[in-house]
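These notes concern the structure reproduced below.
Going by the order they are written in, the chains are A, B, C, D, E and F; count residues from 1 in each one.
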Amino acid sequence: MNKAVFPGSFDPFTKGHANIIERTLNLFDEIVIAIGVNSKKQYLFPLENRIQSISNFYKTEPKISVKTYEGLTVNFCQQIGAKYLVRGLRTSSDFDYERTIALMNKSIDKQLETVFIISAPELSAISSTVVREIYNHKGDISQFIPNGFKI
Amino acid sequence: MNKAVFPGSFDPFTKGHANIIERTLNLFDEIVIAIGVNSKKQYLFPLENRIQSISNFYKTEPKISVKTYEGLTVNFCQQIGAKYLVRGLRTSSDFDYERTIALMNKSIDKQLETVFIISAPELSAISSTVVREIYNHKGDISQFIPNGFKI
Amino acid sequence: MNKAVFPGSFDPFTKGHANIIERTLNLFDEIVIAIGVNSKKQYLFPLENRIQSISNFYKTEPKISVKTYEGLTVNFCQQIGAKYLVRGLRTSSDFDYERTIALMNKSIDKQLETVFIISAPELSAISSTVVREIYNHKGDISQFIPNGFKI
Amino acid sequence: MNKAVFPGSFDPFTKGHANIIERTLNLFDEIVIAIGVNSKKQYLFPLENRIQSISNFYKTEPKISVKTYEGLTVNFCQQIGAKYLVRGLRTSSDFDYERTIALMNKSIDKQLETVFIISAPELSAISSTVVREIYNHKGDISQFIPNGFKI
Amino acid sequence: MNKAVFPGSFDPFTKGHANIIERTLNLFDEIVIAIGVNSKKQYLFPLENRIQSISNFYKTEPKISVKTYEGLTVNFCQQIGAKYLVRGLRTSSDFDYERTIALMNKSIDKQLETVFIISAPELSAISSTVVREIYNHKGDISQFIPNGFKI
Amino acid sequence: MNKAVFPGSFDPFTKGHANIIERTLNLFDEIVIAIGVNSKKQYLFPLENRIQSISNFYKTEPKISVKTYEGLTVNFCQQIGAKYLVRGLRTSSDFDYERTIALMNKSIDKQLETVFIISAPELSAISSTVVREIYNHKGDISQFIPNGFKI
């Protein structure tokens, strides 16, 4: 059974995230959307809110679940028996960053593979960081959030 | 009438900034140097100082004005009726960052175009961040500041 | 009068090219689509064909004309009195390549500025090279060509 | 059934290629190593030789087969009913190139996903182009070829 | 006499750092491992600890010494009469960052050259930032630290 | 004795090349400017011309010599007992390319180090390829060639 983890803070969950999941779902028997919790970081949307809204969005998809974790992503994968991480790549800067993370993870657990797909071009500029900034300034972020997703 | 905004924190204003303005001035009827104010950020040079010194430097150039703004750059452009943003590109890392910002801005306002020019090579390593660090350690920053510019 | 040159081989002219022109047209009084002719290169679409089809596509737009040139782009700009080049940037690899060309051009003619805009994300993977390859293998290229454009 | 194509010219097949296959094999029910044949290109190793040596190397692995194709990769995938392409990413230059190819493929066939993994760091500088150059100058290429692989 | 400075925070010192020093040692008569101290930053390993452990690791190598400095690296180099900085490059993102620093340093002191080597590929994903994160979550970091190095 | 090789085709030798040599000369006891000869490539300037003009330019510098070689650069380094290669880096695209070459060379000869410096920013857009194109179109290339260098 191929179980995959899609890790992130999803603050907020965007069309970009949904697109990665949709396009890789057939590759795996199960995808766990894993919300990383770092007690030193401040989030815009409360954790409880993010869990609820993502779970709700995927409630009819039995292969997708939502979990939270603290600590290293690689340890979380081991705890739940996931052999794959899933990530999207938007730009070559993303690539350099993701490469370091993926290879460090593999140094710790030789069995853990990170599988990448390239972001849909029309979504490739969506960044949670910028979405938060727009939200903070009372801008309209609805176009960056999946249709039917309730924040 | 083509009005452009050149946004930044200009902390401090450098030869790199002056070069971008000088080289794009003929493209526009008016360029507004827009100093972004983020109440959560600490600046090295006081806002009042930056407004004064930049205004003074361009006082004989009727097409250039200096304004401040809070919030989203795209909202500021709408308020003053500017259809263009102007930015310089130094490196491919700059490109990936600026691409995200430019495309997010355009998502919010379809009419807003960001126009880029490539930094003059001899100025391409000037970074306000590094200039501040040099200044903080009592280094001489005069070679990074436009000739005749009074900080 | 601000005259700009949009240089390329346009073999073929794509939605990506049309988008660059459409988005920069208001910046200039005149844009010359300049088809570079290199006698050592083989083209897929005959030169005469490219001139006709692009001219025809823009026949109702008085600010746009189509010309051909041999030799250095910078010399062509001088001959027709253009002070600007217009180019699109899709990726950071594009950036490194375009940077070299733009700075070399400016070394030869200090007055010549290259103005860049960032390709619309949904068009950012369109490459004439790949379009030709698809065409050569009898694939359908219509989705990469502007609507209403007759090759 | 998830069938994947790993396309390339494999001139020659390297440790880098073998590593990509080994690490993605569990994701798919079947991986087709697809040797692209371009009648205009010159290859170092004859096609027959490449088919034989790769087939021989994987003869005990029932999920892997070797095929050749001409024309567009996307058409070949459709002919054999493959919904996935597999590719390795070594550098950010690779990324920009592969991004264009992957997105163009997806433009032609919306169902076709390209799945990437990041090359093992110790193999990340192996390039068939450079291996050919070493071979042409009578250098020893054995360290770049999988152990037990007979060219 | 060619004296070089290898600057960093070395929080912690990794196999990547050791590899850079080992591979450039023959180029110089003396290499000073210079631990930069920034009173505003928080470090994981105490300064005293880092000085001791690095000094101890190189105690049999007379060409290597360990020093600390505050302020600009370029000033430290001048104080100790070093004409070279040594840095490793892992990725193209590293390159853009290091380029800015190297060129700014050279703007301040025309005599100061930064010499780069490319990280050994198997070490190219080791990042002190990620090592600290692993350590903070009680992960095992021994594989990222030089053999025989006592933290 | 530290002997270094600066390899290239130098077709033509530019200010960029001269700058790399000038800035690394103190690091080595001897620098060999090594003109690679590839019988399949066409050069703009005849080999004899390049040898003469570079030798002449450096005739008063006893540490610099000019040699030609065929085949692998790494073999040439071994034949003349050079332990270092010297290269300049202009852009992040350069970095990815040079990284592959440097690591492949080191795979063949573990003792061979490639030492990089970052091109002077005002020279960072000079490319022999573009200089040849300008020359071919009867443009003036004198500003890209070192002062006093006779092509």
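The rule is simple: contacts are C-beta pairs under 8 Å (C-beta built on N, C-alpha and C of every residue); 3 or more make two chains touch, one makes a residue touch a chain.
This structure is a prediction, so every number in the text was calculated from the model and none was measured.
Enquirer: Which chains contact both chain C and chain F?
Expert: Touches both chain C and chain F: B, D.
Enquirer: I want to confirm something about chain B and chain F. Since they are copies of the same sequence, is their interface symmetric in residue numbering (over half shared, so same) or not (under half, so different)?
Expert: same
Enquirer: Taking mean CA positions as centres, which chain lies farthest from chain D?
Expert: Chain centre farthest from chain D's centre: B.
Enquirer: If we define chain centres by averaging CA atoms, which chain lands farthest from chain A? Would you check?
Expert: Using the mean of the C-alpha atoms as each chain's centre, the farthest one from chain A is F.
Enquirer: Roughly how far is chain A from chain B, going centre to centre by Cα mean, in whole Å?
Expert: Those two chain centres are 34 Å apart.
Enquirer: Measure off the straight-line distance from the CA centroid of chain A to the CA centroid of chain F, and report it in whole Å.
Expert: From the centre of chain A to the centre of chain F is 46 Å.
Enquirer: Roughly how far is chain A from chain D, going centre to centre by Cα mean, in whole Å?
Expert: Here chain A and chain D have centroids separated by 29 Å.
Enquirer: Listing for chain D: what residues touch at least two other chains?
Expert: 91-93, 96, 99, 102-103, 121, 124-125 - these are the residues of chain D that touch more than one other chain.
Enquirer: Run through the chains and report each pair that touches.
Expert: Pairs satisfying the touch definition: A-B, A-C, A-D, A-E, B-C, B-E, B-F, C-D, C-F, D-E, D-F, E-F.
Enquirer: Could you please specify the touching residues of chain E with respect to chain B in the complex?
Expert: Residues 71-72, 74-75, 92-93, 96-97, 99-104, 107-108 of chain E touch chain B in their complex.
Enquirer: Tell me, which parts of chain A touch chain D in their complex?
Expert: Residues 2, 23-24, 26-27, 83-84, 89, 92-93, 95-96, 98-99, 102-103, 113-118, 121 of chain A touch chain D in their complex.
Enquirer: State the interface residues of chain A toward chain C in the complex, per the touch definition above.
Expert: 91-93, 121-125
Enquirer: State the interface residues of chain E toward chain A in the complex, per the touch definition above.
Expert: It comes out as residues 90-94, 124-127, 130, 133-134, 137, 139-140, 143-144.
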